[in-house]
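You will see subunit A twice below: alongside subunit B first, and alongside subunit C after that.
Moving on, here comes the complex of A and B:
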């Protein structure tokens, strides 16, 4: 049996006024049931675009490359080629919300302000579980209880604006989980929350994952959060995954200069008074991606005549860690 | 001349939020800042942390009269003598124009809209560094004009060549490419825009700058550079910062002393190292324990806090943290804890601070605590 989700060679391009831009270029990742993949990257790295492509939630101006393959194994064990599905297809509608749930950074923007929380959760339950009326309502209340919302029987009839930020994010999680998805995609779910609330939400998500055995893709820019929630990490930079591997190994022995730079740049509570080490330069815009290795314009170890010419191939480092960097390319070292 | 630059005594900011009852003449008050006292020294960075709604932004604005305080006072020990900012009139404020600056958070806030006449007079000495560098720069002004604005608006300089020289000087210090001064802000990335904002805040050579969430919107690889830049500029120019942020790790890197705010009050104020490694208030400890470290070996065991942050319009009696505090006793809900100095320079408001020593026992074994630089 293959992985729950397997994305191969995903390329996404957008037609814009400035011409064709390709924010995601040849990205491959996957996740197994019960595991968490963390995707780290700064703004413009393509982390949200690649996961939205999995749900086929991209705007019409977006095009997924012909060579791309997005395969999802549904609960009946059938392999669905998500990329080949017709927009609006029944299978796609079953996938969204049913098989794959998604939560976003700002729950206020994802809830409709004119329906109650319960109404919106019950809609999901109706569509994906076929429950109606009192049964749907009971399940909605049960979901709200599960995510730790106090007085759920009353909250279910409240509107999103009546809840605090932390409560809203909990309600969002309840909504995403109400259809019992097997994969949860969380796009910066705690970024807008205060740290004490973030800790509560992370704890809640870990507990629910344990209980329900679902897989999770957790997108964030915060390496601290990644260290706590993820089993595997993919580091994205300008639309490519530059490094991937088990979280411990990757944070302990980062191989790519960008990952190393990122880890050195974060201010840490256990290292006060050390001068911070920024990654030099600025992130280029996706429309001005450097030739060869995307990171070479900011890399201190870039090799002239190599890094600016050819995109680095994938090198496997052992222990499940892999990197795209010419410094680790053995074929080049031999030649 | 004393070492202290800004002295805040019992600062209060209350907003009226409607009547208590339909026929009641009494109005409900929201005390966003409820009796806050601290001081800021010359060339010092004071960090101010707290969760949303704690009132930290209001403190920064009230010091500079961007919001009118409703009580207490703020003393400014300037080169030309002392001034009570809270009671100063326009003429007095205009004398310190340029010396106090702010770097704000929300982009939409225009300097001119900050307050009436009084503020207008002395705003060049206050600087604001906004959180969102995209919306706080006028798209129709060149970078040179944006940076020069505080000088021109306050009439501190009139001679174009003189202004140009000053702008080029501060732009170079902020590591901006001087070739770019004729361009418009849309051509710049987030990090560059934040440098422009900082240059604008520092061009009038202020004594004091309030930085409100100034690096929060930046990517980590860029954020480190801006933090280092602020430190360097402080060393060169001797400016003091009030650095307001919700990110504790950032505040720890830049601040000499840190204050923790909770529902309108300070709960703890101490030298950075003291506060982060020997917190005495349960709330400070809870905040610190909730920050996930990017170290897979670090134990992540956040304190379990019940419920959510109380609404400041309906603050709990006694200690405001007692509703969520794992150590709360009956005394905590009845009696408000005094703001007291528990160790030299270490202030705390907790009845039981003596019994808490959250110190190094919980710190990881390989905790790196460098000695203070002499």
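Moving on, here comes the complex of A and C:
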């Protein structure tokens, strides 16, 4: 049996009025049962698009490349080729919510304002657990209890606007987990929350993951959060994964200049007198991708005549860490 | 919810009171004295000489010499307590007799129009939004622009022509000849419905075109929202998802403008009715104004405005049912 989720060479393009843009280009990642993959990157790096592709949630204008493969192993051990599923197929509906749960950045916007949170949680339960009526309601209340919502029997009948932001995100987690998915995709789940609430929610998610033994893909732009939750991390830049590896090793010995820059940009309390060092420049638009290495326009160590000519190949560094950077490629070539 | 109901009901009653005062004020506005006209009509050609004293007597008999406040309360209490709209002077009978069945036919036509309008515009608007950018969307959009641009009476004439050509139907009037004077029966009702759909379609035409645009725009907005993606991500089947989440909210602007639609339909009623040869209230309203028969005019005006106020109330209630944020004051 392979990995729980295996994404191979994923390319996503959109047809727009300005022509074809490709926000995700040849991305490969995977996650094992019970483990957590963190995906880090700035906005526009393609991290949300990649995970939406896994759930087939991209708009109709999106095209997934022919070479791409998204394979998920379901609870019966069957390998599902997600990309090949018909839209509206039963297997796809079972996958969504049943096998893979998803939570989003905006807890307010992810609930419909005109139904109670209980209604929306019970919808998931009815669809995937086959429970109805009082049994569905009991499970919904149980899930709300599990995510630490006080007075869940009353909360279940409340509307999203009656709950606070942190409370809503907890309810969203309860919803996503109510069908007992084996993978949870969390798309910046704490970004819209206050810092103290953020820590609580992260804590909660880590605890639930341990208890339920599910895998998690955690998307964030915050390396500090990744350090807390992830086992493995993939750093995305402009639609490609520039560096990937076990989280401790990668944070200790970052190989890619972009990863190094991200780590340098984390505010640290023990060096309060130091000024923050941001990564210079801005992420280019996917329609104006630089030739060669996508990061070269912001890279201080770019090698003229190399980095602007050929895209860097994948270089394995040992210990499961890999990087796409000519600096390491050249080092190997010299050695 | 109880508080919401109480508030809205109170608001409606206050509005109804103010509307009735305004209607009464309008009834008082026209220059000229009905007593004089009444005397002239009744006694001209009879050789009887009318003295100012006779006119004063008629005035006293009709109660026209009372102060306005007294007459208002006489008038409104008659309506509210006994359903009596007073005397139609020009016809020498009660207003209830003059208006009678026409009120019910007009209301029937109004509701038929509303139902046809929403039955057609809501599904089309939703469909166009779901298939946004497709051939069906462009076709329907074009159709609805045509609806907005075309005057109703012109459409009435065109439809009249084609309905005659294709169905050979006598589209004038609300009843076939054999049912016009017949007592109510299932067959007569069916006959009425057969005659009503065309005027209802014509009357609803511009409201339909407008609502298609509204539903399409709101639906397009709602479809793109995160809560729809979130519902999709929990495996809700697509059709159910569209109906449960975005479509329910797309109904909001439609429901909240029911009152406007009623108003629009009433404004277009007289001219469309004239073209289609319907004998309904619009005609009677004009005639009663010309005759300065203010009790008839007032009764019609009052009923039209009451319908609009009540429909606004209904639309408030429906809106509260559709969107809990409104009834819970969120």
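The criterion applied here is as follows: the second predicted complex is superposed on the first by the 330 of 335 C-alpha atoms of A that agree within 3 Å, B and C clash if a C-alpha of one lies under 4 Å from a C-alpha of the other, contacts with A are read in each partner's own complex, and residues count from 1 in each chain.
Note that a contact is a pair of C-beta atoms (placed from the backbone, for glycine too) under 8 Å apart; a residue touches a chain by one contact, two chains touch by 3 or more.
This structure is a prediction, so every number in the text was calculated from the model and none was measured.
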{"item": "When subunit B and subunit C are modelled together on subunit A, clash or fit", "value": "fit"}
{"item": "Touching partner for A:227 - first (subunit B), second (subunit C), both, neither", "value": "first"}
{"item": "Dominant contact partner of subunit A by residue count, subunit C or subunit B", "value": "B"}
{"item": "Subunit B versus subunit C as contact partner of A:114, first or second or both or neither", "value": "second"}
{"item": "Contacts of A:239 with subunit B and subunit C, given as first, second, both or neither", "value": "neither"}
{"item": "Touching partner for A:312 - first (subunit B), second (subunit C), both, neither", "value": "neither"}
{"item": "Touched partner set for A:42, first subunit B, second subunit C, both or neither", "value": "first"}
{"item": "First (subunit B), second (subunit C), both or neither touched by A:30", "value": "neither"}
{"item": "Nearest Cα pair across subunit B and subunit C, whole Å", "value": "12"}
{"item": "Subunit B and subunit C footprints on subunit A, overlapping residues", "value": "none"}
{"item": "For the subunit A and subunit C complex, residues of the former touching the latter", "value": "55, 57, 87-88, 93-98, 101-102, 104, 106, 109-116, 120, 123-124, 127-128, 159, 161-162, 172, 175-176, 179"}
{"item": "In the complex, subunit C residues that touch subunit A", "value": "225-238, 244-245, 248-249, 322-325, 328, 330"}
{"item": "Parts of subunit A lying in touch with subunit B, wherever the complex brings them together", "value": "42-43, 150, 164-167, 194-200, 202-203, 221-228, 247-248, 251-252, 261-263, 265-279, 282-283, 285"}
{"item": "Partner subunit A, residues of subunit B touching it in the complex", "value": "51-52, 189-192, 219-225, 227-228, 231, 246-250, 252-253, 272-273, 276, 286-296, 298, 300, 302, 305, 307-309, 363-364, 367-370, 372-373"}
